[in-house]
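Two complexes follow with subunit A in common, the first pairing it with subunit B and the second with subunit C.
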Partner chain A sequence: MATEPKPNKVKTDLLRVEGVTKIFDGVIKAVDDVSLTVAQGEIFALLGGSGCGKSTLLRLLAGFEVPTKGRIFLAGQDITDLPPYQRPINMMFQSYALFPHLTVWQNIAFGLQRDHMPKAQIAERVESMLKLIQLTSFAQRKPHQLSGGQQQRVALARSLAKQPKLLLLDEPLGALDKKLREKTQVELVGIIEEVGVTCVLVTHDQEEAMTMASTIAVMHEGTILQTGTPDEVYERPNSRQVAEFIGDVNIFEGQIETYAADHVRIRSEVCVHYLMHGISGHVGLSVVVAVRPEKIVLSKKRPAGEVNWCVGEVVALVYFGDHTIYHIQLANAQVIKAQQMNRTTDLAEAITSGDRVYASWSGLALVVLVQ
Partner chain B sequence: MEWSGLGSVGSISAFWSQLVVMINHFKKLLSGKSLLISLPYLWLILLVAIPLLIVLKISLSDMGPTSVTDVLSWSQGWPTIKINFSSYLFLASDQLYIDTYLSSIKYALLTTFICLVVGFPFAYFMARAPKYLQPMLLMLIMLPFWTSFLLRIYAWKTLLVSNGIINNALLSLGVINQPLAIMNNSFSLVLGMVYSYLPFMILPLYANLSKLDLRFLEAAADLGANAFKTFWLVTVPLSKAGIIAGSMLVFIPAVGEYVIPELLGGSDTLMIGRVLWDEFFANNDWPMASAVAVVMMLLILLPMSLLSSYQSEQAESKL
Partner chain C sequence: MSKIFARTWLIMVYLFLYLPIVTLVIYSFNDSPLVSIWSQASLRWYSALANDRDLIASVVLSFKIALMVGLLSVLFGTLTAFVLSKYKRFYGRTFFFSMATAPLVMPDVIVGLSLLLMLVSLQHWLGFPERGLLTILLGHALLGTAYAAVVVSSRLKEMDVRLDEAAMDLGCKPRQVFRFITFPLIMPSLISAFLLTFTLSFDDVVLASFLSGPGYSTLPMVIFSRARLGLNPSINAVAAVTIAVVSVAVIVSSIYHVRTQRKRDHEIAMRYSDGSQ
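Let's look at the complex of A and B:
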């Protein structure tokens, strides 16, 4: 299902945001000194919970809001003060905002007609857009006569018709149900890559960001916490907030016990973590150790060695068919989650509620974060 | 005998069960929901449909020496229907009536148009005003209704007459040296009508525009439409229902308006309402007056039916 992000051949920056701040009503800092660059051809995701400022940032890029401070550059040109209708940027709105009084054809042609493009050329462009989204036979329908997925494609075609330098996507899959999302996601990325347009997308859904974007910026309270490829932000979060926002994570609080260039021992309340590479820090430093549920191996037998395992009782399990998530209560009452693939059909061997189990993980599966 | 006896018993019980079913059905009809729906209909039938039919009947009858002759009469035990189209024929042949109808429609259209041009921006900015201000703005629109309509039209009279407030003020300021002819002509008539009917234009427009999704305007701007294009290509088409409703609410009563032309209009401002009055009370020609009224109603019904067909079309296209 996941679409591989295309490697960028030549990394030229298309969009540059420099120290942009947006304050509403004089007090509410929606976006706080954000700087970022988006390379040509990249799909860049702004990921964060509601109220993190991601939508405001997108609206600043579209030109619906004017930054209180900072500049926005597109292809080297300062566009901060340009009104939306003069920016070579188009947006696919959340829940699409298709004009209800216009047909699919007229919706797609709307932007082209504003540019006073010759009629024949408009027709040609609209036809090619309709072909791209495979809705040629729906050209004369009104938006309300289309399904949610079809509306989404029309919205995409409308925002791509003017061949913008930058495409903005506001929660592109938010209005679709789960089954449709996966299919649409693949289609959407396919179309975007076929056209080769640079994208900034806003989402609160980490899965959507992971599968669609080549770069993710995690936002929180108006600032960007971390920017990186999907695997970077997932496997190497730079803060507890990022680790906790992206995916599930088990957090152990502890102190550095021994510190060396090639390994680190961290003692937490329930176990000792042995990290097989060095980190910056010193003995006695308070840190948190983050372990993702899928990196934990459960066993009824005690693992060898004294590090990187703990023991507890299964208090709940959530069965997903292909995998199961076990909630394990440790000696200090902390509950950790462990995800196990269901590799056998032998139900008798399976770990069940109330079992005493050992949870272990590799010395390479840890992420150590400074508190 | 036995067979027929049994048969009759059977048919009686069948009759009773039939009756019970009917009574239950009737009870159901009288139950809350249908009763609630039927009451206004009853009201409308009694006070609109029946009087209308009476008017129609009178328009098709003769004017006798003292009273209107009945359309339906009984001769030798047989009902006879005598329909007289002479009023309608006269109406169609007399240029004065035709001119009056055209003039009424002209003034009603002019009033509607001015109300739309004045009311649209007002409704638009009211819908965009801060939420806490909107109830107050709405209140201001409705404030004139607190004073009698007649009184307000009389007030205009005192403002507009030759030695009225406006003329006196302008004269004393030296802006003009003889009173402006702004009373008892088409100007004062249209002014009075626009003044009276403006709220009926603004309210439906406001209701419509306040529901307008602002994302459509942003989408238009995003696709390269400037403020004017956005207004013309998005806002206006999307508020079509409000424009039609407001225009109907102004146009329909304006066509048959009597009080405003009577008080503010001049001898040259022909309006059908005044003709109607004259036929009834001056000429005492009830069939003619009824015919005038029926034709006026048909003139109004035409745009009304257009509106309702548009609205049902809209309702169908809603998700």
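Let's look at the complex of A and C:
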């Protein structure tokens, strides 16, 4: 692979979705007034649980569904009414949909042959694709003779062979087992970046979205709740739903007690949260405070100060080797989770089930969300 | 104890099924003009068969009809199956489905009789069609289409729709999807539908009796009518030849099937042995 730095690309919008709504059978709103833009060269993830409309949105982009309302533009051209076979968009299907009666070579060549590309050129393109996915010696195999990971790469090569302007990935790693998944994930991103194709991927797996995408759109019930970089979506969720969907989170409900430009005090049932920056709001407003488990520090000693800690009893712990997740029951019966790195090998010092512990966090580790 | 019983039962069932056929083949080499009394071995009835014009004509006619029925049934059956599996909603779908498969459960005698009545009145009003090859063909194709539709649609139903979508995504117009993807994938079911409807037509006697006209007797009709007049051992010879042809076809196809299966298993095993992921 070339080591030269990539030229700074001017970020231009490649895909623009404007107010797209899809209603099935006149009543089921699968996609509800979604607008989004995807920049050239970006890997854009649509993340959400099952039935959130992410797959329907992907099918709308591919052209398998026609939107009830709204327009879709690709590189400035309105493609809303184009059938799938006329769109410069290719898709890698969930479980790949490789043609079982064709060889690897024929599968990759399939799209090129439909475009009546000269034979020599097809051969050249297929060879370069096979080299890219490192399956040159498997060209004459049928899909059933390949392992899951190999099939996945053939599916990728097939969808890249036509050099589409936009590549769609439907749960690209969904059919692989966990161990193979991590490896494939890295390979997949490597290939996509090498080719430099713009990508929209659909997944229900937040880890997959986090590691692969440059932008994540969190979808819920047909709408996009938040769009941002992976760290923005994780550290600055804009709603309780996003916070709860992405990663684990402890939620404290409370009211704003004092309110200033540089700090905010929020009283909840079990503790007082002191936020070291201002938020928009007013005294008495009901809010929720979200704290991620890995931002909590556990100690058997009482922390200094009166804010940003609470006390409880360890009711369960889940040991992962490198870290442990403690379930701590607070005075109001709420159970919070705290993740601690296992920094010592001294088991005697370790916090165990039944211990009374203090859970504290920094004033910068909080996210305040309006109810 | 129960094992012995099971074995005996199995052997008895096999005997019941195949002993008559074996006997028939043996007696086809019998010299005696009486069907059931053995005198000595000879090929007499095979040479008689070679000179029996009526019988040979009926074999040719049956074969011709069966071939065309097979082709027509597969064509119309595939179209029917395609409509039923691709178009989930259209006005009258349930009606269409039950009408398309009704001949499967309708007694042949009823179908034959109703077709005969229709043909007779058609001929009366239009002077067409003369009863003969065409009418038998139509009757058999009617039945065959229903069978072919069932066979092909069961294959179409288990086909992944995403293959169609993948093909379209890669630039196939709907017609090309059929040509490059659907057709090659349903090919095995088209072949079985053809063989099934071919056989159906080849050994049908009920519909053919209703629908044929003078000079058009199919092989089963000839055998049937001769059996009633008193069996002639040349019928045994015809049967023996038919059994030979069918057996060879079955054996060849199962050898082919086993071979491809083995090749496939071997290839699947290979993908794990070459070590590359």
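What we mean here is this: the second predicted complex is superposed on the first by the 362 of 371 C-alpha atoms of A that agree within 3 Å, B and C clash if a C-alpha of one lies under 4 Å from a C-alpha of the other, contacts with A are read in each partner's own complex, and residues count from 1 in each chain.
Note that contacts are C-beta pairs under 8 Å (C-beta built on N, C-alpha and C of every residue); 3 or more make two chains touch, one makes a residue touch a chain.
Small disclaimer: the values here were computed from a predicted structure and weren't measured.
A.B. asks: State whether subunit B and subunit C clash or fit side by side on subunit A once the two structures are superposed.
C.D. replies: Clash - subunit B and subunit C, as placed by superposing on subunit A, overlap.
A.B. asks: Could you tell me if A:99 is touching subunit B, subunit C, both of them or neither one (first, second, both, neither)?
C.D. replies: both
A.B. asks: Would you sort A:181 into first (subunit B), second (subunit C), both or neither based on which partner it touches?
C.D. replies: It touches nothing on subunit B or subunit C.
A.B. asks: May I ask you to decide whether A:165 touches subunit B, subunit C, both, or neither, giving the answer as first, second, both or neither?
C.D. replies: Neither: A:165 stays clear of subunit B and subunit C.
A.B. asks: Going by the touch definition up top, name the partner, subunit B or subunit C, that contacts more of subunit A.
C.D. replies: Tallying touched residues of subunit A, the top partner is C.
A.B. asks: For A:146, decide between first (touching subunit B), second (touching subunit C), both and neither.
C.D. replies: In the superposition, A:146 touches subunit C alone.
A.B. asks: Figure out whether A:273 sits in contact with subunit B (first) or subunit C (second), or with both, or with neither.
C.D. replies: neither
A.B. asks: By the touch definition at the top of the document, which applies to A:83: first (subunit B), second (subunit C), both, or neither?
C.D. replies: both
A.B. asks: Could you give the residue numbers on subunit A that contact subunit B in one complex and subunit C in the other?
C.D. replies: The overlap between the subunit B and subunit C interfaces on subunit A comprises residues 62-64, 83-85, 89-91, 93, 95, 97-101, 110-111, 114-115, 142, 144, 158-159, 162.
A.B. asks: Subunit B touches which residues of subunit A in the complex?
C.D. replies: Touch list, subunit A to subunit B: 62-64, 83-86, 89-91, 93, 95, 97-101, 110-111, 114-115, 142, 144, 158-159, 162.
A.B. asks: Using the touch definition from the top, list the residues of subunit A that touch subunit C in their complex.
C.D. replies: Subunit A reaches subunit C through residues 62-64, 83-85, 89-91, 93-95, 97-101, 110-111, 114-115, 141-142, 144-147, 149-150, 158-159, 162, 180.
A.B. asks: Which residues of subunit B touch subunit A in the complex?
C.D. replies: 213, 215-216, 218-226, 229, 233-234, 237-238, 240, 317-319
A.B. asks: What residues on subunit C touch subunit A, complex-wise?
C.D. replies: Per the touch definition, subunit C meets subunit A at residues 160, 162-163, 165-173, 176, 180-181, 184-185, 264, 267-268, 270-272, 277.
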